[in-house]
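Presented below are the structures under discussion, each in the form of structure tokens.
Both of the next two complexes hold subunit A, though its partner changes from subunit B to subunit C.
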Partner chain A sequence: MGIKRRKFLQLTGLTAAGTMLSSCGKGTEKLIPFLIPPDDGSIPGVANYFASACRQCPAGCGILVRVAEGRAKKIEGNPLHPVNKGKICARGQAALQDLYHPDRVRQPMKRVGAKGSGEFTPISWDEGLSLLLEQLNDLKKQGHADRLLFMTPRLQGTLSELVWSFMSVYGSPHHLAYEMLNTESYEQANVAVCGRGDVPDYDLEKTQYLLSFGADFLETYLSPVRYGNAFGKMRQSRPTIRGAFTYVGARMSMTAASADRWLPVNVGQEGVLALGMARLILEQGLYSREMVKNVEGNPEVWMKKLSDYDLHSVAERTGLAPEEITSIARDFATIQPSLALVGDSVVFQSNGQDAVQAIQFLNLLVGNVGQPGGLLFCSPPVGQGSTSSFANLLSKVDALERDEFHLALVYRTNPVHGLPSAIRFQEAFKRVPFVVSFSSIMDDTAMHADLILPDHTDLESWGDVVPWVGAHSQVTGILQPVVNPLYDTRSFGDVLLAAARGLDGEGEKVLPYKNYLDMLKQRVQRLIDGSSDTASEKNWVEILQRGGLFEQEEAVLDVPQKKGVSPVPVREPYFEGNKEAYPFHLALFASPVIYDGRNAHLPWLQEMPDPMTTAVWGAWVEINPKTAESLGIKHGDLVMVESTQGSVQVPAVIFPAIRPDTVAIPMGQGHHGMGRYADKVGVNPLGLLAPVMDKEHVLPAWGATRVRLTRISDKGDLTVMGHPEGSYRGELLEI
Partner chain B sequence: MRTLLIVIILVLLVGAAAAALIGIYFIPLDTGDPSPVQPIAFSHKVHAGENEIHCLYCHRYAQVSKSAGVPDLETCKNYHIIIARDNPEVKKLMEYWKKKEPVPWVKVHDLPDYVYFQHKMHVHAGVACTFCHGDVATMDRIRRVSSLKMGWCLGCHRTNKVSIDCWTCHI
Partner chain C sequence: MSMKDTDKKERAVKYKWGMVIDLDRCTGCGACVVACHAENNVPFVGKELSGYGRAMHWIRIERYWEGEYPHVRARFIPVLCQQCNNAPCEPVCPVYASYHNAEGLNAQVYNRCVGTRYCANNCPYSVRVFNFFEPSFPEPLDQQLSPDVTVRTKGVMEKCTFCIQRIRRAKETARLDGRAVRDGEIQPACAQTCPPDAIIFGNLADPKSRVFRFSKSPRRFRLIEDLGTDPSVIYLKGGGHEHVR
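Take a look at the complex of A and B:
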């Protein structure tokens, strides 16, 4: 041996000291000046704040972005914005990672491998645009313009106008604006009960008794930041009143956990409870006389229609105690103003439409429609594009299967991941010969594309955002680029305008705009004064500084008075899978963290604990402790969830706040693609869903699937912050 | 015997590590070169001394930002396109401009990331630039004259009765 002990010790000591020293010392730092100073007056070390708008979910909040040295650093709520009033949720804050995502599509890409293989090669914008135009013009020349399918989410403002004009110039009627959490059912029910097709605003702030039928308004429902703020005011802002809140639903969501009372009714019987309450209110004469006069209703006729909904049978069908039903019915009618909300877990039942109508009728009965603290129908928001119907989606799938579409354009939606495979969309979509995606990240649908023309992310884009619901006035948030584009991407609006110009035809005439910004400015000017000029520069800068157009005065409330309304009976719910083989209801819920999966690529959100289970990174199945015990399933075990349609393997979370006959899985995980943080993380439970629908109204019933559970192993690979039973143990609700 | 040997070795190892730690206590933490060679031999003596150009003329953000700022290359170029064109160092500058590359100056005064220092507040409080940076007008190559240790900061903060709360600087 060459090394003596003394030498060895010397060396050890030196190495230890050296390691520590080198970790303290610093390398030479560089001081890099500007080559040419920026002309926007920005100062190194001093941050600028830009107002913009959030597009992480359809709520449409206003944001302020802190930008230092040309880099976006932090997102907060815009205090001037009437929807979110300076607050913003985690999803909004995480939009920064959309900008800096390492797996963004950095330049146009052309498919080189097999379809769906995800093998692409970078191309130039010239080549990309000419490929797009070649496809568009070829199809048009052959006289098959109607073989173009354009898929988007519900669009707003300028984009809605642009896509609509583009499709009409091109000559294809096939613009599909559909996403799984569609609001069509609410709209149908509102037409039936209130005579208005739009989604009303719920005036939580002023209500005194709130009854939510599965509406998770603090997490994902319509406009969570606004409702979170309003809920706080409902509870705490009035000196002598603390608004009461009762939640009806099979699973305790974070919203339900904030309620005074949780009523886990039998799945699919929420509408029956509403009608039972309506009958009690009629019996006791607690309804609003004024409302009856307005809608020319007849309480006696209504009573007759509700003859099947006596207290005894309603108690039996819903599984609630009769005293409970009488007490909430009395409270709902006498504590005024009151308000009933209805959410997706009720809507997506096979009798969902009946239930929504029943709940809206309940609101009408006690005079909540059109009164402060109730449902407010304002003048419909200008610029809110419409959503396609489920029937339309089904007809598109049929057309895809008959190879009727030769070209598909996909913008800001991810149908390959986000639609249940039971409607056969995914298989049919693969038959389209040429697919163009505008996605800024390689999502599940972009993987199947032939050409990707990447859009800017929101922080690099111009645009306008019309909030889904919320302000009692007309609001248009303006999206402005807060940083220069990081990569060689182009705004979708500009690409579509360029495509329209390149069409052999009238594209130029119908869309005579220099660029998308020009189109946006003209639209803003039209909103201000109806003229067709471009907004003057001074006005425009003021609008940008504020973050949009926010009308100050409260718009006139529109009290809809549909004559001759009467309650409609609630059909028995249908569930796919027989009770013996598939004993549990499957409740899918939009994740409070990644919503329907559109935010799954953002690691901040992946690592954010789910508020009820504290689970991070991935999907899980929530099982009641009693159920789990009977099946020998422990917290963190790997479990197979099977339906008649398929199966997934997920870790089990033993969750005391769910009905024993129900299991719940969050939506949004299990992507194939969408960047390194989402790819193959968790499972996508949409594959379990059976194609059940409400045939009468042509509405989907995603809540009507039954499943069975089988324990596989103890290696579920579940990451949680703590055992969910830990904090609730000892105060379990008796169900 | 063997176990005794292992124990001795372990004791010595721990001792060596402790000695190294104690050693670190005496070595100055800022081991960076106080006067590093810069990519261009820019002379503060010529600019600030002989030509009496005011500090804030070039370091123009010192009054308004936490960073004092270094002039952008375009500004340097605009002067030297006329002045001292034949100076070899100015030629180097023009090379950078031709390549459209900013000069990678080596930082002489560098604070760790966990220290929040603002030039703006110190300038407004009337602390002269030379108080920390020394008589720059006499230096050809810039040299760090202050230790930039925490004790040095606190000494001045105490004398001037300025806050010595931890979060004044460590926020």
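Take a look at the complex of A and C:
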């Protein structure tokens, strides 16, 4: 034998080391990098935690990312962050799969096939940027700068500033920050009732009686982790008090499942219930005298205004028993502090604005506004960009139809999937000659693009996040790259700054930043002391370690200043489709798992059972057992759901907790594109929605569509994790 | 203090890991489900295999319906390995892959497992999951895999470990500091992430621990207790009309 034992061990040692190294990817082929520790100070086998912020939904929680050997391993909540307090939801944790998604756009791409075919060819960043600049400069040279449309979600902080400055330098007023689950309606109502245009925070933790009108605050509404945490405290953290919770709505959502009492009210009559309760509270003199004085109200005048809302007619309109209404009205007024929330299923009705105002009036009446355990209006968050109005969206669609836009930039929003086709956006959008997408995954909108300049994913980016609600103090979460970019992608901020520099004109003067990080640091310094210097390195590192700027002192609570408030009658809701041909209300709801569809490409979430139905990998329609029986529909059957607008085929789930005259479908599935885990999984129900709106306030009514059901076959291709019959054997577990 | 002394001191401390799940706090949101996937390299299997009941969740949220419309209620109950003290899964394993460790955990030795699936068959809580196929993590999803936990191969049974890698880490730290593990120092991934703080983990052998105190709550019950499995997971009953006011 030529090999001695010593030689053999040396060889195997080297081979083993070589194998380990070769599995580490780029840049570590040689032995040297392991003998000399890497620059970032990481030690093999020891994990580091980096603080950052979550952008999976607008809540803006703080996160800690566990990084080992240069790779992100796990996302945990940041305990220092005042919004989520160390907790994080399923969607936030799944952002890891956003980073490591196998179907990410790995370099800039140029369309080669027909529009919408999804055929692209990789190009270099130089070519990509010059294509973008060519388009921008051409348009500007022709004097048509206003033919640029910029579509984003509601932006925050530095990004909001950047896009605003870019658009003003370029000379186009057409920045559309609109997504389907828009908060415009709440803001309008709050102005009318409380005199404040921002979304208030709800102090669930301290409340004793919680009444939710369709607000799914534990799953998708505003800030689910914050409210989930507060809900736990409301229930069990006080020695002698267990906060009570009643839910009003046509469908039992995951949030409603946690309620002590579920009241399946007639669709669109939530506002009537609120006014009926208000009248009972006035009649019995249970209102807050102090609040009446504050707003200079007159209970006698209010009583007269509510003359149509006597118990009998309210019971008839809402479909609830009179005893139920009196008991919740009494509880709401006498168990203090109490709190009424209002959510999307109420807001998106043709009388949604009236209902929100009625419910906020109810809060006002018993003194819930501005008191602990109630609605809190704090100093408005600095850096929260504004959302576009529905009217603005409609005018943009009209302009698209008149071919007024020659160039569209789309960042972090997926309107081709996420807007109801009834407003004709999708067809109109196809007319734009040149579309640039900054998406990091080939989503439905990117499929229609001509140029894709892929952004980093959140875990590779710099950025700042201003939480939507829930911070009683000024909070800005800072996003930092926790791993090196995996692919040849570039930060959207840097690309836009480069574009501004390349513009013929004043781009450089208005946006004089070296890069996006520089701009971010300057903004942070402004937040700290109002100066325009870049944050000093020491400060900056400390902020990064904490995960952002969290001003800890309790903010002053504002008591409503608006005088002369009075209840506004609730109009009868309008529904599209007549009752005979289309007998069922269609309730679309944001999926607790994939929200409005932005998280549909993440396999952990696709395989996480929907809480109420335990369904995975798809969409379904929820039908009351009696209704299903009368139509001959069984669990898992394929059903056609038709409205005046269109139809979808979707499996049926027999759902015991939905009104017999209502059916519900989750939003978010049915993508065309968005990677292997979302593409053609389930159906997108937005095509069913009729273009009903509240004409007076120009607000959409996505809950105002009626549908009919037809059984097609028994092959619905429904996958549920729970056994349909086992679901009814709770007594086995003694719960 | 020499290493020998600290070792002795550490051995003197008794650990019996247990968990309390407050169903009145649990909202059924599923954050624990994803946390467990991320922490323990639990694979996803896709729609078809999920349909065959081969999804690999180590923790799941059971949903029970009670009553009929309109007086219907839904109940959520997170179910994970109950770490039974008289575990039905243990005596049936022909190769001792499923065994009981000194700290009350039902441990699973992956490289002993030959895939008879007797243990899963014998588990009244259906919390054991089997790798029917080689798990797949298409590149670069594999870069997320935690180095602290093995990736199980085809033919191996796996289950909740109470995040034993976290328990080990905390015990090592404690031993280096020459002390016992502090109450609350260990949090399994599910408890750490739980938004409403429904899950409490700790040492049931320590009467001062939070988990011990909550385990004596009048709301306590254990899953299918009459089977005599003596689980280490204690549930606290959720609320109902009877609790209001």
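Basically, the second predicted complex is superposed on the first by the 686 of 735 C-alpha atoms of A that agree within 3 Å, B and C clash if a C-alpha of one lies under 4 Å from a C-alpha of the other, contacts with A are read in each partner's own complex, and residues count from 1 in each chain.
We take it that contacts are C-beta pairs under 8 Å (C-beta built on N, C-alpha and C of every residue); 3 or more make two chains touch, one makes a residue touch a chain.
In this text the structure is predicted, and so the values were computed from the model without any measurement.
J.: Which of the two partners, first being subunit B and second being subunit C, lies in contact with A:196: first, second, both, or neither?
T.: Neither: A:196 stays clear of subunit B and subunit C.
J.: Between subunit B (first) and subunit C (second), which does A:46 come into contact with in this model arrangement: first, second, both, or neither?
T.: first
J.: As a test of reading the superposition: which chain, subunit B or subunit C, is in touch with more residues of subunit A?
T.: Touching more residues of subunit A than the other partner does is C.
J.: So in the superposed three-chain picture, is A:93 touching just subunit B, just subunit C, both, or none of them (first/second/both/neither)?
T.: second
J.: Share the list of subunit A residues that count as touching for subunit B in one structure and for subunit C in the other.
T.: Shared contact residues on subunit A: 45.
J.: Looking at the complex, which residues from subunit A come into contact with subunit B?
T.: The touching residues are 5, 9, 12-13, 16-17, 20-21, 24-26, 28-37, 43-46.
J.: Using the touch rule from the top, collect the residues of subunit C that touch subunit A in their complex.
T.: The contact residues of subunit C facing subunit A are 22-25, 27-31, 33-35, 37-39, 44-47, 50-51, 55, 57, 60-66, 68-70, 72-77, 138-147, 189, 192-198, 221, 223-225, 235, 237-241, 243-245.
J.: In the complex of these two chains, what residues of subunit A are touching subunit C?
T.: 45, 68-69, 71-77, 84, 86-90, 93-94, 96-97, 99-102, 218-219, 224-225, 228-229, 231-233, 235-236, 242, 244, 252, 254-255, 257-258, 260-262, 264, 335, 486, 592-593, 603-609, 611-614, 616-618, 624-626, 656-660, 681, 719, 721-722, 727-730, 732-735
J.: Residue numbers of subunit B touching subunit A in their complex, please.
T.: 9, 12-13, 16-17, 19-21, 23-24, 27, 29, 31-33, 36, 61, 64-67, 69-75, 100-107, 110, 112
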